[in-house]
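First subunit A sits with subunit B, and in the next complex the same chain sits with subunit C.
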Partner chain A sequence: MSFRGLMILLTALCAVLFAASLLIGPAGFGIGESLSALFGGQGDAITLVMQEIRLPRALLGVMVGVSLGMSGAALQGYLRNPLAEPGLIGVSSSAALGAVIAMQTGFAKTVAFTLPILGITTELTMGLPLAGLAGAVVSVLLILFLSGPRGNSLTLILAGIAISALAGALTSLVLNLSPNPYAIYEIVFWMMGSLANRSFSHVWIALPFMAVGWVMLARLGRGLDALTLGEDAAEALGIRLTRLRLTMVIGVAACVGAATAVSGAIGFVGLVVPHILRPLVQARPSALLWASALGGAAMVLAADVFVRVILPEQDLKLGVLMALIGAPLFLHLLYKTRRAMA
Partner chain B sequence: MSVLRPYSKPAFAAVLAAAVSTAAPLSAQDIDPPARVVSMNLCTDQLAMLLAAPGQLLSVSYVALDPLSSAMADEAQDYVINHGGAEEIYLLQPDLVLAFEWSDPIAISMLRRLGIRVEQVPNAYSLADIGPNIRLVGGLLGRAAEAEAMATAYESRLAELTTPDETGPRAAFYGANGVSSGTWSMSHQLVTAAGFHHIADELQITAAGQLPLEMLVLADPDIVFSPELYAGASQAESILDHPAYRAVAKDAGAFTTSATWDCGTPLVIEALEDLHAARDRILQEETAE
Partner chain C sequence: MSRLNVQNLTVRRGQCPVVDNVSLSVGAGEVVGLIGPNGAGKTTLLRAILSLLPFEGTSSLAALDPRARARAAAWMPQAREIAWPVPVETLVMLGRVPHLAGGAKPSEADHAAVASAIAAMHLAGFETRPATELSGGEQARVLIARVLAQDTPLILADEPIAGLDPAHQISTMEVFRREAAAGKTVIASIHDLGLAARHCTRLILMDKGKLVADGTPEEVLTADNMARVFRINAHLSSDASGLLFQPLSVLA
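This part shows the complex of A and B:
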């Protein structure tokens, strides 16, 4: 399949899943009813449900999916290691730690902007995604420092386990110290991720950070392609490796930090999606970045539709589904990597 | 937005106190009432504080201090605080421990093994279960006559305040994590007794559980009951900040439930009185329109 064909196919898949995400929910409306409520604006209950509950949820599904898919592809391309994934190497859990600290200290409610969005004056507080970004930056830098520029599998995974465990423990500690009795139950949200009950304020606070991240990651393409030939060859081709590295760090941190701040740590997207799509783009990192963006969106949307179909009343966490799909694949990759290393 | 935040706390509590003080002293069958009583559950804490003779109740649970959960948080400050652990309760050397039906079975069995008398008070599933529970705790404390007076006062006031009305204003519960009450809950009994129509009836929700926000929006209630928010932030409670929820609560009128809702004690009468006031206000607003 040509790259163009693949992209058209993935776009169509995303569009179908986006529509499904809008149309499937505990309150069963007819398709016509839903669509007229979505685009109309009579202010009745169905309009409120479509415009304020389902639309932001579906949009966030796309945004989070694009962010996680691209981040996975970028990390794998840069480290030239198929096991690199923001969830597995602790970037997501570090971002969650940042977000949790921001919520408990009240920083989440700071850095306020009042913006007229679509004609409505909306107050947005950027503390939450900023803190998620900060957590993510720290962990990406740590990972790069620990695993070295070549991304040795063993150190990469071990460093990831250590960072994940530490960030997860600190997240639990912060939530346990909270005077709020519900905070403890949120450990599940921050570790498993969910899009339930997200609103447009989550869309608006995440979007600017994600947009910066997407632009940064999209610009990595040529550098990552050159890097497949080795670092020396890449430098000979005029790629400035330090700059490439910096762009990658900021791009991944912005994407994962913002995504985690609004939806919790959703793992395995960045692992599974590039893995499935890599053969279809002839393992070209630049093409894989774009394909993974769409693939990630499709995967998160699909998972978010599934959790509503399987257990509509229960708010099953997205991470549960992702791990069910992703963990066996991860084991398979690990097995293959071990054989390659032996 | 009509925010109803009723608080008429001393009213029924005063009636109860009067009932207890006018009752006869220790009756003949309770020759040897326990002298060192420890309660390890929020609801038994409150029943014990209402019923015990001065100096009889030694300790209540730490939850009794939390004004968001405990209708008697001020009173609880006069007691030793326990955390429901077997060791700390044993060290208080009680001759009676009051526990709840669902209190930690491990702590209870350990206390019993150590020779401490532990009595478990059954959960009040309905407003009608509260009278028998008052009498039960009163009997255990050797305060049967006081308990009888309190239970009778409770039951007659309950009868006055029970005015079910299927066509009354439509009420919904919504709290942290989108958890709503079902028809098996005490909250359901309270609102239906006060003449509201609980949307859980229409949605056929029996046990408490998560109600998707969109179902709440579609149910279009006349009043939404939600608990007071705790200090410190939580994602769970942030659902009450969701624009769709705020739109419903704004249309419907929000009612913050207080700690008197949380336990099957005679203090639910105060909750019922608040509910009647809220209902009258809604009906007045409707006629005004």
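This part shows the complex of A and C:
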């Protein structure tokens, strides 16, 4: 299949899943009335559900999926390792730590905005995603400081692992010492990752960061291709590796930090999506960036539809489902790799 | 005309100089063999010339900005890294990266350069095969083809013919000679002194970071140099086909 054909196919898949995400839900409206409420609507219940609940949820699914898929492809390309994933540089665990601290201290409920969205005024507490973003920013600064100005991929991994471990330990510490069982309950469920009960304010808070991240990651293509030959050869091909690394780290951090801040920890997307799509783009890292962006969006949208279909009565968390799907997928890849080696 | 000018180049690891005050100048049409025992500083010298590591002294290549340097000199590292199973043709096309404007697709000239590089390294028929599935020697030829596709006046290669079968070792050296005859310059580190003697127009001998001899193969491959630097006895003669060099025994 040509690259263009693959991109058209993935775009069509995303469009179908986006529509499914808009049309499937516990409220059980018909397709016709859903669509007319989405585009028109007179402020009744169905309009509210479509415009204020399902539309932002579907949009966040696309945004989070694109961010995670692209970040995964960029990191795997830069590190030349198919097992790299966005969590590796410690940004997601740091964003989670920021959010956890916000929930524990009550900061999560302090920053309130009153936003008029689509004509309806809603009051929203944005402390949680803001604290998550702050955690991500701090971790990026730490990574850049720790891995050094002339650092290579190895120092980057080591810095990422150190930060990841520290953020994980501090998150456990907060849970460990928390005097408030409700906060613990809230934190544990938030960390499972979900797109439920998100609003347009989540879209607006994440979009600027993600957009910056997408633009930065999109510029990496040629450098990542050249890195196929190793760091020395890439540098001799005129690629400025220090700049490439800086662009990659900031791009991944903006994407993953914003994604974690609005949706909690959703694993496996950044790991599995590039892995599945690599053979379809003949392993070209630059092509894989774009394919993984669409593939990530499709995967998150699909999973988010599934959690509503499988257990509509209970709040099945997206991150849990993703891990349940992701782990067997990985076993399948392992099986295929072993067969190829035999 | 000088293609590369290196003056008083020194690279230190800690306090110890790994390359010690090397000066050399290489002109168009030369095939320079960089020889010396393991750890003599050949790789370090080549990488410093390309500004891939910090050094003291001057290198005319290092003075260029990265993009101009990539159009002036192609570099084949010793580590033959191919990270992803990309098709051979895609991999060779990476040599065109310095010639492409930002975001531009490869032009007809780029495709022509790739095709002729693939033909020169006898890789016709391999174009669509994933490069990682080839044998080690075939991968080395693909990487040499990538360097040729870069189409630079100067080619620097670190042990390009190590691990190739005899026919491909000879044909690769002949490709280098052909490039040089067309006005290019090749500098390659080589351990096979027999091939170096026959195919290089000039040899540079390094030992313990220092440049100890620089000249034609006859001038450099002397019994004295072989004994002092390599600690070997060797046979050197010439017939109608060229120089014949054969290491014979290790000196006590």
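Basically, the second predicted complex is superposed on the first by the 243 of 342 C-alpha atoms of A that agree within 3 Å, B and C clash if a C-alpha of one lies under 4 Å from a C-alpha of the other, contacts with A are read in each partner's own complex, and residues count from 1 in each chain.
One rule holds for everything that comes next: a contact is a pair of C-beta atoms (placed from the backbone, for glycine too) under 8 Å apart; a residue touches a chain by one contact, two chains touch by 3 or more.
None of these values were measured; they are calculated from a predicted model.
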| item | value |
| --- | --- |
| Partner chain in contact with A:229 - subunit B first, subunit C second, else both or neither | second |
| First, second, both or neither for A:259, with subunit B first and subunit C second | neither |
| Touched partner set for A:26, first subunit B, second subunit C, both or neither | first |
| Partner chain(s) touched by A:80 [first = subunit B, second = subunit C, both, neither] | second |
| Contacts of A:239 with subunit B and subunit C, given as first, second, both or neither | second |
| Most subunit A residues touched (candidates subunit B, subunit C) | B |
| Partner chain in contact with A:178 - subunit B first, subunit C second, else both or neither | first |
| Residues of subunit B touching subunit A in the complex | 176-178, 209-215, 217-218, 220, 230-237, 239, 241-244, 247-248 |
| In the complex, subunit A residues that touch subunit C | 80, 222, 225-230, 232-233, 235-240, 278, 282-285 |
| Interfacial residue positions of subunit A with respect to subunit B in the complex | 25-27, 45-46, 48-49, 52-54, 103-104, 106, 108, 178-183, 185-186, 189, 197, 199-201, 312-315 |
| Complex contact set, residues of subunit C against subunit A | 47, 50, 52, 66-67, 69-71, 73-77, 79, 81-87, 90-91, 94-95, 97-98, 100, 102, 130, 143, 146, 150 |
